[in-house]
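Chain nomenclature is as follows: A, B, C and D, assigned in order of appearance, with residue numbering initiated at 1 for each chain independently.
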Amino acid sequence: MQNSSSILEVRDLLKTFGAVVAAKDINVDISQGEIVGIIGANGAGKTCFVNMVTGYLAPTEGSIKFEGTELVGLGTRKITHAGISRSFQVSQVFHSMTVSENLMIALAIANNRGTDALSLMDTPDLRLKLDAVLKRYKLETQRDATVSALAQGVRKLLDIAMAVVSKPRILLLDEPTSGISVEEKFDFMDIVMGALKEDGVTVLFVEHDMEIVERYVSRVLAFYQGEIIADMPPKKALADKKVQEFVIGKEHHKKKK
Amino acid sequence: MEAALTILLDGLQFSSYLFIVSAGLTIIFGVMKILNVAHGSFYAWGAYTAAFFIGKFSDMGLPDALGFLIIVAAAIVVGVILGFIIEQGILKHMYERDEVLIVLATFGLFLVLEDIILIAFGTDPYFAYQPMALLDSVELGGITRDVYGMTLIGVAAVVAVGCWWLLNRTKWGTLLKAVIFDREMGISMGINVPLVYTLTFIGGAILGGLGGAYIAPTISVAPGLGTEVIVLSFAVVVVGGMGSIVGAAIGSLIIGILRAIAVHELPQVELFVVFAVMAIVLVFRPEGLFAPAKPRKI
Amino acid sequence: MTNKLLKGALGFAAVSAVAFAGGIAHAKDTITIAVPSFLTGGAAGPFGIPAMNGAKMITDAINAGKLPAPYNTKGFGGATASVIPLDEGGGATKQVAEYRNLVEKRNVDAIVGYISSGNCQALAPVAEELKQFTIFATCGTPRIFEEAARKYVFRTMGHATADNVAAAMYVKEKFPDMKGYTGINQNYAWGQDSWRDFDLTLQQIMPNTKASDKTQFPKIFAGQYGSEISAMSLDKADLVHTSFWGGDLEAFIFQGNARGLFKKKIGVFTVGGTAAYRLGKKLPNGLVLGARGPYGILVRDRDTALNNWFVSTYKNLYGTYPSGPAYQYGQAILAAKIAYDKAGSDATNEQLAGALRGITFESFSTTIEMKLGNGHQAATENGYGITEYDSENGENVVKDVKFYPASCVLPPEGQNSVDWIKGGMKGAKC
Amino acid sequence: MFNDRTAKFLLLAALVICVGGAFAPNWIVNQFMFGFSRALAILGLMVLWRTGLVSFGHAFYFGLGAYAVAILDSKLGVSDVFLRLVAGAVVAGVAGFLIGFIMRNYRDIFFAMLNTAISMVLFGIVVKTESLGSTDGFAISASTIFGLSPETKYPLFVIITLIGLSAALAVNFYLKTTFGKLTTAIRDNEIRVEYLGFSVAHAIHLKYTISTILAGGAGALMAMSLGQVDPESMINWTVSGELVFVTILSGPGNVIAPFIGSLVFEVLRTYAFELAPQAWQLIMGATFLTIIFFLPGGIWSLIEKLGGKKNAK
C-alpha cells in the first residue's frame, strides 16, 4: 500500500508509558510539500508524536517510514541526517552565544556532518550562507546580539532557522507561536512559512492557535487521548463536531483559566 | 574458628569507622549535590576538640566517664559551628553557581582549615586514651580486644538506624527525599530548601566530627589526620553510590571485611583492597552500587 | 597587541627583579643555615619540633660561644649563623623544588637537616647537581651513600642497618629462647629496609628462629592498626619488630597496649626513644627500645661535659629531656661548625666538604667517625634498652642498656649493607 | 593559524621569554619551567571547562605522564627529552581515550567525581607497589637532547617554552574549528547539538582525550624539570585540586591565560612557603576562595579589563 507521493508513512503507531497510553492506532501519510497542522488539547499526544518521529521517543509498536526507510530504532542524529529536523516549544539555542555564532555552528555541522569538523569553522562560503539565512529570517539587525538578551520571538525564529539550515525534507515545529504576542504572531509565521516555502520543505507543526492553523495549513491532524480523531482540511476540521468538542472546546476552556 | 571470629570483628570494627565518616559525606552529597572535600576537616576538628577536652578534664581530675559526653558534645559543637559558618558564610552564596565550583570552594576551605588546626592546637599530638582505658579489654576469640573499639560497631549501628528512621519515618525524611530527587520540585512543593540545606550540612558535619571525636581516644591526634579520611570515605561513597546511605553502609561493610581478611590472610595485598574494590565498581557500575535515581541532563 | 607584548615583557622583568631582590647576598660575618624538618603533619610533634629545637639551641649556643670545650669558640668560623626553618612535609618532589629555591633563590650557605629517608634519597642527587654543602641529620636509609659516591652530601649519624643489626643482637642477648618473630613497618623505603635488615640479621645470628609469613606493611600515617594488631596477636611469633616513628608509633603503642599485645609479645621499637618522654605512664614496660643510636633516653645519664650541658640546657629551654631528633640535629649543626671552623666562614662548598670529609669528632653523646661512604657517612655505636616506668619520679627509664660499637653493627667501608649481612657480617668487631 | 593577535602575541612572548631566560637567575628559569609544564595540563582543563566540564581527577593523567618518564628512566634508561615527553603524552592519551568511553556519559559533579575516583585508584596502586617506588617515588636523571647532555637547565627551559607555545597555538586553532566552537555550544544546550545531527558524546570524548594528552605531557615535562616524582606530588587528589585551582585562577578567556595563571601559582606558592612555612596551605586556600568569589573570570578577566576588552579575542 505504498502511496507514491507520500514521503512520510506512519503505521499503527503505539506508545505507552506503563498504563498510560500516549499514542494509539496512529496512521498517517504525509505527501511532499504538505503543510500539516497538528492540533489537540494538552496531553493529547501531539508532542509525543513529534518526539517519536524525530527519534527522541521510541514507539512501543508500529512503524515510521521516511521515503521508504524505517525510522523506528534510529537515534535523533540519524534521523536528522536522514532529512527530518524539528524546532522546539521552548527554543533550544546556545544562549551565551550571538545569533550568528548560533547559526554558524548549525551551518558548519550541516555542511560537514562533523567529518571535517577539525577544520576552521569560520570560512568565507559559510559566511555567505550565514548572511543568506540571516536575511531570510530577518535577523540581520540582531546578528551580533547575544541570544540570552533576545526577545522570545527572535529566539524562536533563530530556533527554527537553525533547524532548517540542514535543508531537511521534513520540518516539525512544536508550537512555533507559543510565547509570541498576538500582534507579532502573523508577521512571525509569514517569515517562517515564506522561508520554508522557498525550500519546499514539508512542514508539520503543532499549534494551539486556530487562527494560525486556519491561515497556514493545508491539512489538520486532530489528536485526542493519543488518537487521531480527525484528518482533514482546516476549514472542515474546525467545523467538525468532535474536533470542536474535544480540541477547541478544551482550548477555549483552558484559555479562561 | 577463632581466626574467623577475629576477622569478622576486625572487619565490622573498621567498617563501622568507615561508615561513620562516610555517612556525613554521602548525606551532604545526596541532598546538596556537594562533594564536600572539607569533610576530612570536620573529622580532624572533631578529633582535636574531643582529645583536647578529654585531656583537660582528666587533668582537672574529673571522672573519665565524662569522656563519652565530651565526645558527643565535641561532635555536635564542631558540626554546628563549622557547619553553620561554612554553609552560611560560603556555600549559601554559591548554590546558583556550578556545582563543581562548590567542590573547589570546599577544597579551598580544606586547605585553610588544615592550617587553622595547626595554629589553634599546635603541632604536638594529643592523647585522649582515658575513655579507652576506662572500658578496659576482654578476651575474645583467643585474643585481647579493647571494648572501646567494639563499641564503635554500636555507634555505627545507631547512626545507621538513626539515618534510616529520619529518612523513612519522619515528615522531615519525606521533605528530604523530595529535595534529594529534585531540588526544583522541592521548591515548588513549598519546601524551605535553604533551611533543609543548612540543616543537612550541619548534620553531615556533625557525623564527620563524631567520626573524629570517637576515634580520637584510640589514636595520637596529630596534624594531617584529615587527609587520609577524605580518601577512605570518598572510596566508600563511590563504591556504595554517591548520595545513598544504604550504599555507604554496604560499601563500608564490603571494604572493611575484605580489608580485615587481607590483613589476616594476605597482608601484602591489604593496601590494594580499598582501591581494588573501587576500581572494579567503577568499571562495572560507575555510578556506584546503590546510586540514587538522578534526573539525566538530556 | 604591542602594548600587551610590552606588558608581557615588563611582567617578566618584574619577576626577575623580585628574584634578584630575593637573592641579595650575605655579608661575610654572617652565614645562613637552612634547617628543614617536619613543622606540619603527624611527624612534627614527636620528631620535627624537637629536632628544630635542638638545631636552634646549638646554633644560638655556638653564636654566643657558649658550647663546652672544645667547641667554645664563637660562631661558625667566626661568623654568626641565622637559621631558616623549613617544613619538610609535602612529599619528595615538593622538597626538591624547595631545595632548589633554597640554593638558587635564597642563597643559603649550608643546609642541615631532613628526617624522612624519602626526602634525603630524592635530595642527595640534587645537592650534588647544585654542588651544595648539605648535612643530613636524621634520615635513615643506607641507600644514599651506597648507591653513589657523594661529594657535597654528608650524614652525621649511622643508618638504618645499624639500628636493626643492633636490635637483632640485643634480642639474641636478652631473649635467647625467642622462637619466631613478626613485624609491622611502614610501606616505604624506611620500613622495608628496616624489616629486611632485622630479618636478615636474625637469620644469620639466630638461625633456628623463624620469621612470620604475615608481616604487616601498612601505609605511612594510616593511624589505625586494629586489624594488624589482631593478626599479630594470633600469630605464633613471640616478638614484634617495628620501625614506626612519630604519630604512627604513638598510635600503635596505644592500640597495642589496649589490646595487651605487648604483654604477649616482645616489642622491639627501633625508633621508640621519642615516645619514652612523651607517653609517660602510657608506655608499656618491657619494650625493647632504640633511639636510632646513642641518643635521647638511652644516653640521658652519660656523664660527659658535653652531654650534661646538652641535657640540662635543653631541659631548661624546652621543659623536657632532649629526645633523639634533638641530639641528631644538634650534632649535625655542630658538624657544620667544625667544618666552618676548619675552612673559614667564606669557604666554598668544596672547602667545607673537604673540611668535614673523613674526620672524627666528639658529639654531645658519642664519638662520630665520618668513615663510611668515602668519609661522608658517619659510623657510631648503636644501642638498646628495656623500658620501665619509674613510679617514684613518675617517668620512664630504660634498663639493661647495651651499646654495640660501630664496627659491630655497620658494614665496613665500601660494602653494601645487605650483602654484608647476607655474607654473615664478616669483619664485624663486637 | 598565526594570523590572529593571540597567536602573534604568543610567538613574540615566547621569543622574549626564551631570550630573557638566558639572563634570568636559575630559580626564575625553574619557576618558568614548572609553570609552563603545568600550563600544558591547564590548557586541556580549560577546553573541558569551556564545555562545562570540570575534572577533579586529572592528576591521574598528570601522574601517568610523570611516571612514564620515571619508569622509562629507571627501567630502560631512556633520557631523551622528546622520547620522554612523547611517552608521557601517549600513555596518558591512550588511558584517557579508553576512560573517555565511560566519562563521556557523565556531566557536572558526577564527571568531576568519577575522575577523582579513578585517579585515586592509580594513587593507591603506586603508593602500595614497591617496584613503582611506593611513597618514595623516583629520582629522574637529567634529560638529554639528541644525545647531548646540556650543562645548564636553559636548553630544557627553551624546549618547554616552545612546546608550551606550540600547544597553545594548537589549542587556539582547535577552538576555532567546528569541534572547538562546539565547546560552549555543548555547555549551553546539548539537545540542540544532538538535533543538529552532531554527537555530543563524540565531541566530549575528543575534548577529554585532548585534555588527557596535554595533562600527560605536562606531567612528563614537570617530572623532567623537577628531576623527581612521587605519588604525593604527582597523583594524589590534592594535585588534581591544584590543577583545577590554577585553571580557575587563569580563567577560560584565552589560551594565554593558563601560562600566566601557572606562573602566578608557582610564584605564589614559592613565596607562601617561604614566608609562612607552617601556614602556606592557608594562604593558598584563601587565595583560591577569593578567586572563586571575586574573580570568576580568573586573572584573564583582569587582563582584559586592563588591556581593553577586544584584545586577543
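Methods note: a contact is a pair of C-beta atoms (placed from the backbone, for glycine too) under 8 Å apart; a residue touches a chain by one contact, two chains touch by 3 or more.
Computed from a predicted model, the values in this text were never measured in an experiment.
Asker: Any chains in contact with both chain A and chain D?
Answerer: Chains in contact with chain A as well as chain D: not a single one.
Asker: Taking each chain's centre as the mean of its CA atoms, which one is farthest from the centre of chain C?
Answerer: Following the centroid criterion, the farthest chain would be A.
Asker: Using the average of all C-alpha atoms in each chain as its centre, how far is it in Å between chain B and chain D?
Answerer: Their C-alpha centroids are separated by 32 Å.
Asker: Could you work out how far the Cα centre of chain A sits from that of chain B, in whole Å?
Answerer: The separation of the two C-alpha centroids amounts to 52 Å.
Asker: So, what's the distance in Å between the C-alpha centres of chain C and chain B?
Answerer: 36
Asker: Quick check: how many Å separate the C-alpha centres of chain A and chain C?
Answerer: Each chain reduced to its C-alpha mean, chain A and chain C end up 77 Å apart.
Asker: Which chain C residues touch at least two other chains?
Answerer: 39-40, 187, 219, in rising order.
Asker: Note the residues in chain A that touch 2 or more other chains, in rising order.
Answerer: none
Asker: By residue number and range, which residues of chain B touch two or more other chains?
Answerer: 115, 118, 123, 271
Asker: Dump the list of chain pairs that touch, please.
Answerer: The list of touching pairs comes to A-D, B-C, B-D, C-D.
Asker: Contact residues on chain D for chain B in the complex?
Answerer: Of all residues in chain D, those touching chain B are 52, 54, 56, 102, 106-110, 112-114, 116-118, 120-121, 123-125, 127-128, 190-191, 194, 200, 237-238, 241, 244-245, 248, 278-282, 284-286, 288-289, 292-293, 296.
Asker: Which residues of chain A touch chain D once you look at their complex with the stated criterion?
Answerer: Residue positions touching the partner: 54, 76-77, 80-81, 85-86, 88, 92-97, 101, 104-106, 108-110, 112-114, 117-122, 162-163, 166.
Asker: Can you list the chain D residues touching chain A in their complex?
Answerer: Per the touch definition, chain D meets chain A at residues 173-174, 176-182, 184-185, 187-189, 191-192, 194-199, 202.
Asker: Can you list the residues on chain B that touch chain D in the complex?
Answerer: Result: residues 33-35, 37, 90, 93-94, 97-101, 103-105, 107-112, 114-116, 118-119, 123, 227, 230-231, 234-235, 238, 242, 271-272, 274-275, 278-279, 282, 286-287, 294, 297-298 of chain B touch chain D.
Asker: Report the residues of chain B in contact with chain C in the complex, numbered from low to high.
Answerer: Against chain C, chain B makes touches at 2-3, 6-7, 9-11, 13-14, 17, 115, 118, 122-125, 127, 129, 132-133, 137, 142-146, 148-149, 215, 218-220, 222-225, 228, 259-260, 263-265, 267-268, 270-271.
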